[in-house]
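Two complexes follow with chain A in common, the first pairing it with chain B and the second with chain C.
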Partner chain A sequence: MAFFLRLILRNLMRQRLRNGLTSLGVVVAIVAFGLLRTLVDAWYAGVEGTAPNRLITRNAVSLMFALPIHYGARIRQIDGVRVVSHITWFGGIYQDPKNFFPQFAIEPASYLALYREYLVSEQERAAFLRDRKGALAGRKLVERYGWKIGDTIPLEGTIYPGTWTFVLRGVYRGADAKTDETQFFFHWEYLNETLKRWRSARAEHVGAFVVGIDPPERAAEISAAIDDGFRNSRAETLTETEKAFQLGFVFMTEAIVAVIEIVSGVIIVIVLAVLANTMAMSVRERKREYATLKALGFGTWHLGGLIVGEALLISAIGGALGIALTFPIAAEFAVRLSNWFPIFRVSESTVVLAAGASLLVGILAAAFPVWQVWRTSVTDGLSSLG
Partner chain B sequence: MSALVEIRSLSKHYRRGSEIIPVLTAIDLVIEEGDFLALMGPSGSGKSTLLNLIAGLDRPDGGTLLVAGLDISTLSENELAAWRAANVGFVFQFYNLIPVLTAFENVELPLLLTHLDRKARREHVELTLDLVGLSERSRHYPGQLSGGQQQRVAIARALVTDPTLIVADEPTGDLDRVTAGEILDLMQQLNSELGKTIIMVTHDQRAAERAHHIRHLDKGVLDGG
Partner chain C sequence: MKIPLKYSWKNLAARRSTTALTAIGLALVVYVFATVLMLSEGLRRTLVTTGSRDNVMILRRGSTAEIQSSIDPEQSAVVAGFPEVALAPDGTRLVSKELLVLMVLPKRGSQKPANVTLRGLTMVGRALRPQVALAEGRWFRPGSSEIVAGNKIAAGFQGAGIGESLRFGQREWTVVGILDAGTTGFGSEIWGDVDQFRQAFRRITYSAVLFRLRADADFDAVRKRLATDPRLTVEAKRESVFYAEQSEVMVTFLTVLGMTLSVVFSLAAVIGALITMYGAVASRTREIGTLRALGFPRRAILIAFLLESSLLGLTGGVLGVLMASGMQWITVSTMNWQTFAELAFTFTLTPVIVGESLLFALTMGLLGGALPAARAARMDILAALRAG
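And now, the complex of A and B:
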């Protein structure tokens, strides 16, 4: 075994430039593959952060249409409903339209009771609940803009015109890596009272209700009960699990995700072709050597092992370097893309897929050269130019 | 002496499209154990083909070919490979050493197919390299050796498993006269002192004269002997 490993290593060193460049190609392909897979994961991050015991009730026509706040009391009456909260998309601009981050008007106490993955100190939580103009922001968002507790944060409303000022009362951390730490929450009451002063028809309305249920297994039944309760009303509802709700957003961009997945696959196929070509060239150059080994009594398994081993080594070196490089590059992407992808993290499954892809490339790239060696007779091989 | 190789009515042809090109026709040949036979003939006469058939590198189209009583044409590819590893040593015109392996490692190659452990392999290789006079060059790569030295390594590789039969295809074809003489001396030594049966294909009359017998092939037909 040690002898064959030595032979594989020395064969690898025979064409340093060619094999080095091929390995570099694998590095680039694996980095690209890893980043694209991470991008797909980032797309689904909202889905990953959902909980089975939370339902979302929205206007059946579209999310663009709000629901009357009094629906909450009726939803609370339904068997299996534990907590009802609500959330309203604000869509304000902080200083510049480029500074995008999600902002929501919420009912703080019930919302934080439902989203226990938002970890906030008791002191800051109390301060946020107390202050009608108070805001709670995620750790990454606070770091991005250098905010401090007590800072006044002005948002220019787009859906709700005017300049709205908030005081940062708390900073939440995510309970795990799947939790979005770039959101901005404030009191719905503050928004609603202002709307009422304007005598706006949008007062006393919310974007959607978040319904905490128990047990989660009854989600379908409870959803149906909620929607039945508002059938034939002016604003019929559509209730679904939080996961289904988030998937709805992903499905809107399903074509983009599909293209990204196809491209990540194509990259692997391209590098497979590059490595297969490298191996085919190496094997062609060593045709006489393989024929000599065959003459000495070495079988196709031995020769196949040498070729597969060499291809695997090239792809494994490239794959390992590629995976190692994916992390710092993804971290840089995470900073630069944080406005659009709050969670941009290389997952374990991406690492496993990248490692698997690089090994698979090594094996498949060797398949054709092994077949060439297998079908070449000893006499033909010996008569070839070395 | 008993017959090591027995060939009766052996034939071999190649196909070029629908055309059948005969290479060997009705070959009858017996090679005794411990013999040193030289096969001569012009290019394309079929001498290398005959050598390949005897060595189990190719298969005949007709006739019988027994080596040590075994009809090797009935063996599967894997069986034939194992048979070659155990019974045949090869010496090629262009040495066919693996360039990334040292002289020691090249000689060790055939032993990897045996059950010998590393220590036993090392002893066999050192002994064989000593026999061909290359003990001092065991750590050298083929590219660091002269043609004659490379051919000595190749002979050591052919010899290291102690095969019954050594086949040599133009072993001096790529060497100058002095070096060729040294290689032929070595082959004679293997035959006379170690009793190895050697079949050598050569164009060189002087080389052929070192053998016990010379047989000529012309257009696939062997002379009367």
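And now, the complex of A and C:
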């Protein structure tokens, strides 16, 4: 066994440039693969951050249509409902349209009760609840724009015209890496009072209700009960679990996700072709050596092991380096893409997939050369020209 | 003295499996490069062909999409009365007040939800879009709960086929016709009577006002009028410009993603070409020595190997473009981030994309061949001839 390993290592060192370059190719491919998988994960980040005890009730037509605020009181009466809060998409612009981050008008006390993963200090929480024009922002968002508690933040409304100013009263941290730390929350009351003053038809309406239920197993039954209550009303509702709601968003752009997934497979095939070529070249050069080994009595399994071992070693070195490099590169991407993807984190499954892919490439790349060696008889091999 | 092209070509053909493996690697990179370009081109074309230059779109100031905009009846009446609005031969003003809403519909089969655009309009609104015809059935009757569905919607969404019905606004709406909207974005919309939609969705306001310009030069007059009339809080855009702008975010995203991927992927493929070409030089050391001894200068050797790697690159390029051209029959349907609405478009291959792809492939080949070719050209004649 030790002899075999030494032989493989020696073989590997004979073509340092070629094998080094091939390993480099594997590094590039694995980094690209890892980043693409992470991008797909980032697409599903909203789904990852959901809880089974939260339902979302929205207008059955689409999210473009709001629901009357008084629906909340009726939802609260349904058996199994513990807390009802609501959320309204604001869609404002901070200084420049490029500075995108999600902004929501909420009912603060009930919302924070439902989203316990948003960690706020008691003092800041109280300050946020107290100030009608107060705002609560995620840690990453605050860092991105260098805000401090007490800062005035103006937002230019696109759905609700005009300039709206908020005072930053609190910063929340996520309980774990799955929590989105780029959101901006403020009091729905503030929005509603202004809309009432304008005599807008949009006053007294909210984007969606967030319904906290117990036990979570009754989600389907409670959802149906909520929707039945509003059937044939002016604004029929559609209630689903928070996860189903978030998945709906992913489905809407799933064609793009599919493209990214396909492309992440393509890079693996590309590097497979590169490694297969390298192995084919090495084996061709060593045709006579393999014939000699065969003549000495080494079985085809031994020869196959030598070739597969060499290919695996090249791909494993490249794969290990690639996985190690994926982390710092992904961290850099996470900072640059935080506008678009609040969570960009290399998951364990990505690492496992990347490791699996590099091993698979090693084995598959050796298949063709091994077959060639198996096929070649001793005499043919010995008589071949180098 | 030049080494004939045939020498380079024959050498590639002689080492068939190595050439094939390297070309496959290059081809796959070109395939990714070309398909992403085709995707953004398809999206761009769809939205560019949707709008006409001689139509003007009026939206509430500051709104970037029709669904964000709302114009009250008074303002829309003022706009409809503009003298710049063209007249039809029979004297009707070519202006359409429209309502646009999004509705979640389940896709056929998968039941996955998507936001579909419902456009309420008038007979004039149809006339303003001559590129949209009826493929099947008949138009909706004004004042009725009838709708017509775009060709991209009818097949893909539950309840949107001819004879089927959709439920919204406490009513059943029957699909009486299918639109043939060519490659425009209107193929991803459902059309109905604007006043019926306003009732159903309880909207007093319109989303946008669209009118035909009397003369192309009148556009500036419209803008001036909007800027000076204190009653109006709206802005005007040419319909063509408006729709073209709606492809910007997606096109940028696809282009950035595609170019980043192509550059990174090309590293792997170039390494493949590099290995192949180093191999070619190493196995032909004596041959190179012989060529030099016969009197071919270093430059000729350099060019011969560069030609060989360019040919290798081009082979991959042609293969990749062929693979990508097969994508033209595929229609992609996804949500446009700027409008939140489902939009269907196809991978579109243009001569420019073919040219760019081949150029990209050639560059990869040359990059892979440069160092090995230089090594070949620098070889000492005697050492090369003596090599084993």
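Note that in this section the second predicted complex is superposed on the first by the 385 of 386 C-alpha atoms of A that agree within 3 Å, B and C clash if a C-alpha of one lies under 4 Å from a C-alpha of the other, contacts with A are read in each partner's own complex, and residues count from 1 in each chain.
Throughout what follows, a contact is a pair of C-beta atoms (placed from the backbone, for glycine too) under 8 Å apart; a residue touches a chain by one contact, two chains touch by 3 or more.
Predicted model, so just to flag it, every value in this text is computed and none were measured.
Novice: In the superposed arrangement, does A:Pro216 touch chain B (first), chain C (second), both or neither?
Specialist: Neither: A:Pro216 stays clear of chain B and chain C.
Novice: Applying the document's definition of touch, where does A:Val61 land relative to chain B and chain C: first, second, both, or neither?
Specialist: Only chain C; A:Val61 stays clear of chain B.
Novice: Considering only the touch criterion stated at the top, classify A:Ala29 as touching first (chain B), second (chain C), both, or neither.
Specialist: In the superposition, A:Ala29 touches chain C alone.
Novice: Determine, under the contact definition given at the top, whether A:Ile256 touches first (chain B), second (chain C), both, or neither.
Specialist: second
Novice: So, A:Leu7: does it touch chain B (first), chain C (second), both, or neither?
Specialist: A:Leu7 contacts chain B only, not chain C.
Novice: If you stack the two complexes on chain A, which partner ends up touching A:Glu289: first (chain B), second (chain C), both, or neither?
Specialist: It touches chain B, and chain C stays clear.
Novice: Is A:Ala273 in contact with chain B, with chain C, with both, or with neither (first, second, both, neither)?
Specialist: In the superposition, A:Ala273 contacts chain C only.
Novice: Looking at chain A, does chain C or chain B touch more of its residues?
Specialist: Looking at chain B versus chain C, the one contacting more residues of chain A is C.
Novice: Kindly classify A:Pro102 by the partners it touches after superposition: chain B alone (first), chain C alone (second), both, or neither?
Specialist: After superposition on chain A, A:Pro102 lies in contact with neither partner.
Novice: On chain A, which stretch or stretches are contacted by chain B in one complex as well as by chain C in the other?
Specialist: Touching chain B in the first complex and chain C in the second, residues 386 of chain A appear in both lists.
Novice: Enumerate the contact residues on chain B facing chain A in the complex.
Specialist: Against chain A, the touching part of chain B is residues 52, 55, 57-58, 77-78, 81-82, 84-86, 90, 92, 94, 96, 98-101, 105, 108-110, 112-113, 157.
Novice: Contact residues on chain A for chain B in the complex?
Specialist: Contact set of chain A toward chain B: 3, 6-7, 10-11, 13-14, 288-289, 292-299, 377-379, 382, 386.
Novice: Can you tell me which positions in chain C touch chain A when the two form their complex?
Specialist: Interface residues on the chain C side: 17-18, 21-22, 24-25, 28-29, 31-32, 36, 39, 60-64, 67-68, 101-104, 112-115, 168-170, 201-202, 204, 233, 257, 261, 264-265, 267-269, 271-272, 274-276, 278-279, 332-335, 337, 340, 342, 388.
Novice: Under the definition above, what is the set of chain A residues touching chain C in their complex?
Specialist: Against chain C, chain A makes touches at 17-18, 21-22, 24-25, 28-29, 31-32, 36, 60-65, 91, 156, 158-159, 161, 201, 232, 234, 236, 238, 248, 251-256, 259-260, 263, 266-267, 269-271, 273-274, 276-278, 280-281, 368, 386.
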